[in-house]
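First chain A sits with chain B, and in the next complex the same chain sits with chain C.
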Partner chain A sequence: MPISDATPQEEFSRAAERMAVRALDVLSALGGADATSATAPHRSDGPAAALGGTRAELGGARVLGADLFAPYLLTGTPLHPGLDEARAMALAFEQYPPAQPQAPQPAAAQPGAPQPAVPQAADRAASAVVWRDWAAAEVLGRCGHRVPVPPPDGHEPQDGAADQWQQWSVWMAQLSPLALPGLDSPVHDSARRNPRALGRGAVRAMLRRDYRTAARIARWLSLGQAQGVASPVRLEPLLHHVRLFGGPSARTALDVRVGERLAEAGP
Partner chain B sequence: MKTGRTVRPGSTVNQDVLRTAHRVGSQALAWLAASAHHGAMPPETTVDFADPDNPYKPLGETALAASLVLREGVGGPAELAAARELLDFTWSQLRSGAFLYERAMRHPMLSDPLETYAHFVRGGYRLSTLDEVVGHLGRLDSIRAIEMMPNRRLAVANANRVIDADYRCDWAALAGDTWIGSEPEPWLIDWMTGYNMTHTVFHLTDWGRLPEGLPAGIADYLGTWLPVWADIWQEVAQWDLLGELLIVDACLPEPVCDPQAWESLAAVQHPDGLLPRDGDPVDEDPHTAFKENEHTAVVAVVAGTVTLSRALGGAWSAA
Partner chain C sequence: MLTQELTRPIRSTSTPAELSALATLMVEEEATVSDAPLYTPEDAGVGILALGLLLSPKPPKNR
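For the complex of A and B:
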């Protein structure tokens, strides 16, 4: 490993960027015209040297989560145990096993007090991790690698109050790796029920120049659109704007590309 | 009840919002009334004034706020009296309309005498010579064809509508020419475009009097995106623009903004009623503080008045 002054967090962040670059490359290679013929270059019979060769890369794979498999899910390319991504992700789960979080505590019961639309900040962050781990493990399971993750029971999103769209949409942005074809969960139900709150969240993020959050929320709208749920905001110009204005992050670029692919699929 | 008023049918009135809106608006009105002398015209002012900070425009804006307080009639006796005093004061500052008449005669292609006059007509003041001049000018193709921004063209049209009950124009076409009329991408709006957007709504509805004047497409669009704009300008403490957005909220078929926006305005309002225009410190000099924040007071008075009136259906204004 090269000597570096970077903190572990920075190493992970850089590794996640590299993982995103790889996912973009694979998506580009798989194209979508004839998906099955493009699987060969990404099957490795040797140790996972090409991917996940370092602890930082394994950390990066954990950060990217289900998005490591986005090219396959978007193009309908079959998943199997020999995929580099599958091997790396299985190793990553061994190296960095999921925490065993507690279910969020119900809010102190006050007669007449409205239920919060989403869990409070700390619980929200913990719930996001649980769902992201669930999604990564779900896709990995479809590859033939079973990894134990905490069940997401008790972390269901509670959408409802109209004035909570800000917090809820940011939470959904953190869950953008779930916005992929073939995954379904109560989080997806919540997204389908609340296109307007997602639209508001995406537009708010755009105006705050938080382009990564905007692209992540837009992914949910794109997925909804592909499933017949109309988006309140036109996605093509929004995503193209993020592409031009959103900075150099490959992770943002991946969110944009996934959003574009989903939106192109249409209902 | 006044003819033409549209009550929000079956609307669930948020009592906290109404209390806050009333308090913020009435305190801003009291501050405007107590500070009015800071906004007086210098005695030597001519209709050719060159100073862009001349009190002429703010006097018109104060007249607007006062005229709406009187039109809606939802304030208490003290507020109605303060509004009448302000309207008397601003009218006398404009020499009972003579200033507007002279300016229209001197610069017939300027629209500001007409627009300013409309506020006074709304409040019950008339000057027959000015009526004759603006009526004549309004019929000239040369005036109608003046090149201006679409939201400004709506300002002129609404002023004509207030002054002349028989005035007719193609409101749908005028609305369609505006920025918001194209139902644009809501994520690119900037500060100036935000102000222009609010004025499109103000003039189409004559400041909340005619909510049905807002085309359904624009109303739907605002129902979705107005809360986002209120959120972001609240976050950056643009209180003046936030107040304008709350006026827009009150002009919609149903209010859509987070009640927190009103609480934010209440939280930054000074005990004497001054409402800071933004997050910068308020100048210690009372005159400078007045000049810098008088527009925000006007906005707060209008926002409080129209919010209360729409919610109450204007019932208290029944004569």
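For the complex of A and C:
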């Protein structure tokens, strides 16, 4: 039994970084080569190829969510139950099942006070977790593994949420694993309707030198651009700058790479 | 049959601390960095003056 002083958060964070490195490697392998031959090394052909063998790796898979399958969705590679990622994610959902759904609590009613379109921080976090679980389960279902995940009913972004663009863009950054081709939801509709708010959020993050948030928001702009929604900011220099100054995080690198691939795809 | 295939469902043994850590990592907030650095000319002036004094050559000695 390994002895470690690391907290679960530290272990999961490191495992998520390793998973992101793996996703980047898979994306590189699938990006240039023939898809069918490139998928072969990522199947479970032996114990050394197994993924999700430790609790930390399962936690890392849950943290990464749908991004674990980003290389396949970006390259249009068929998903199947034999993928290491699919097995690991199915195990991760068994080990760390999603929380029971809780509808966002309405704000304390004050007479005459307008209802906020953007939920408070705690509700935003809960909504983000619900949507991320939904996305991971959706992709996993396409692999042939069904996992019980509560539907995201009641967590849809409300009309006018993007008017409070600072909070809304941070919420969208938390939902960046949903910004993948092939996924569609009310969150995606909201992103397509509000490119200007996303652009403001991305520029604000760049000015704050919070490159991780900038990369996550830029993914939504790139996805919109790939779907014909013009981005209010030029994505190529933004992503290039984040790639240069975004630090050593593999998760940030994965966000940047996904954004670049989506932007390259074009409408 | 693949030898590494699971033949029994695993039972969740997650702890509240692990679930809390997962939720925290999944909803990563924006970084708590400061805003862009502001231009403060008075700081720059004092710094340049001090640097100039430190780097200035010593006066020649009279013999």
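The rule we apply is simple: the second predicted complex is superposed on the first by the 245 of 267 C-alpha atoms of A that agree within 3 Å, B and C clash if a C-alpha of one lies under 4 Å from a C-alpha of the other, contacts with A are read in each partner's own complex, and residues count from 1 in each chain.
Definition applied: a contact is a pair of C-beta atoms (placed from the backbone, for glycine too) under 8 Å apart; a residue touches a chain by one contact, two chains touch by 3 or more.
What you see is a predicted model, and the numbers here were worked out from it, not measured in a lab.
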Which superposed partner A:132 touches (first chain B, second chain C, both, neither): second
If touched residues of chain A are counted for chain B and for chain C, the larger one: C
Touching partner for A:91 - first (chain B), second (chain C), both, neither: second
First (chain B), second (chain C), both or neither touched by A:207: both
Which superposed partner A:238 touches (first chain B, second chain C, both, neither): first
Which superposed partner A:227 touches (first chain B, second chain C, both, neither): neither
Chain B versus chain C as contact partner of A:249, first or second or both or neither: neither
Partner chain(s) touched by A:62 [first = chain B, second = chain C, both, neither]: second
Partner chain in contact with A:173 - chain B first, chain C second, else both or neither: second
Which superposed partner A:158 touches (first chain B, second chain C, both, neither): neither
Doubly contacted chain A residues - partners chain C and chain B: 207-208
Chain C contact footprint on chain A (complex, rising order): 7-9, 12-13, 16, 44, 46-47, 50, 55, 59, 62-63, 65, 91, 94-97, 99, 124-125, 128-129, 132, 170, 173-174, 205, 207-210, 212-213
Interface residues, chain A side, partner chain B - complex: 163, 165-166, 196, 199-200, 202-204, 206-208, 214, 232-234, 237-238, 241
Residue numbers on chain C that touch chain A, as the complex places them: 2, 4, 6, 9-10, 12-15, 17-31, 33-36
Of all residues in chain B, those that touch chain A in their complex: 185-189, 224-225, 227-229, 231-232, 235, 258-260
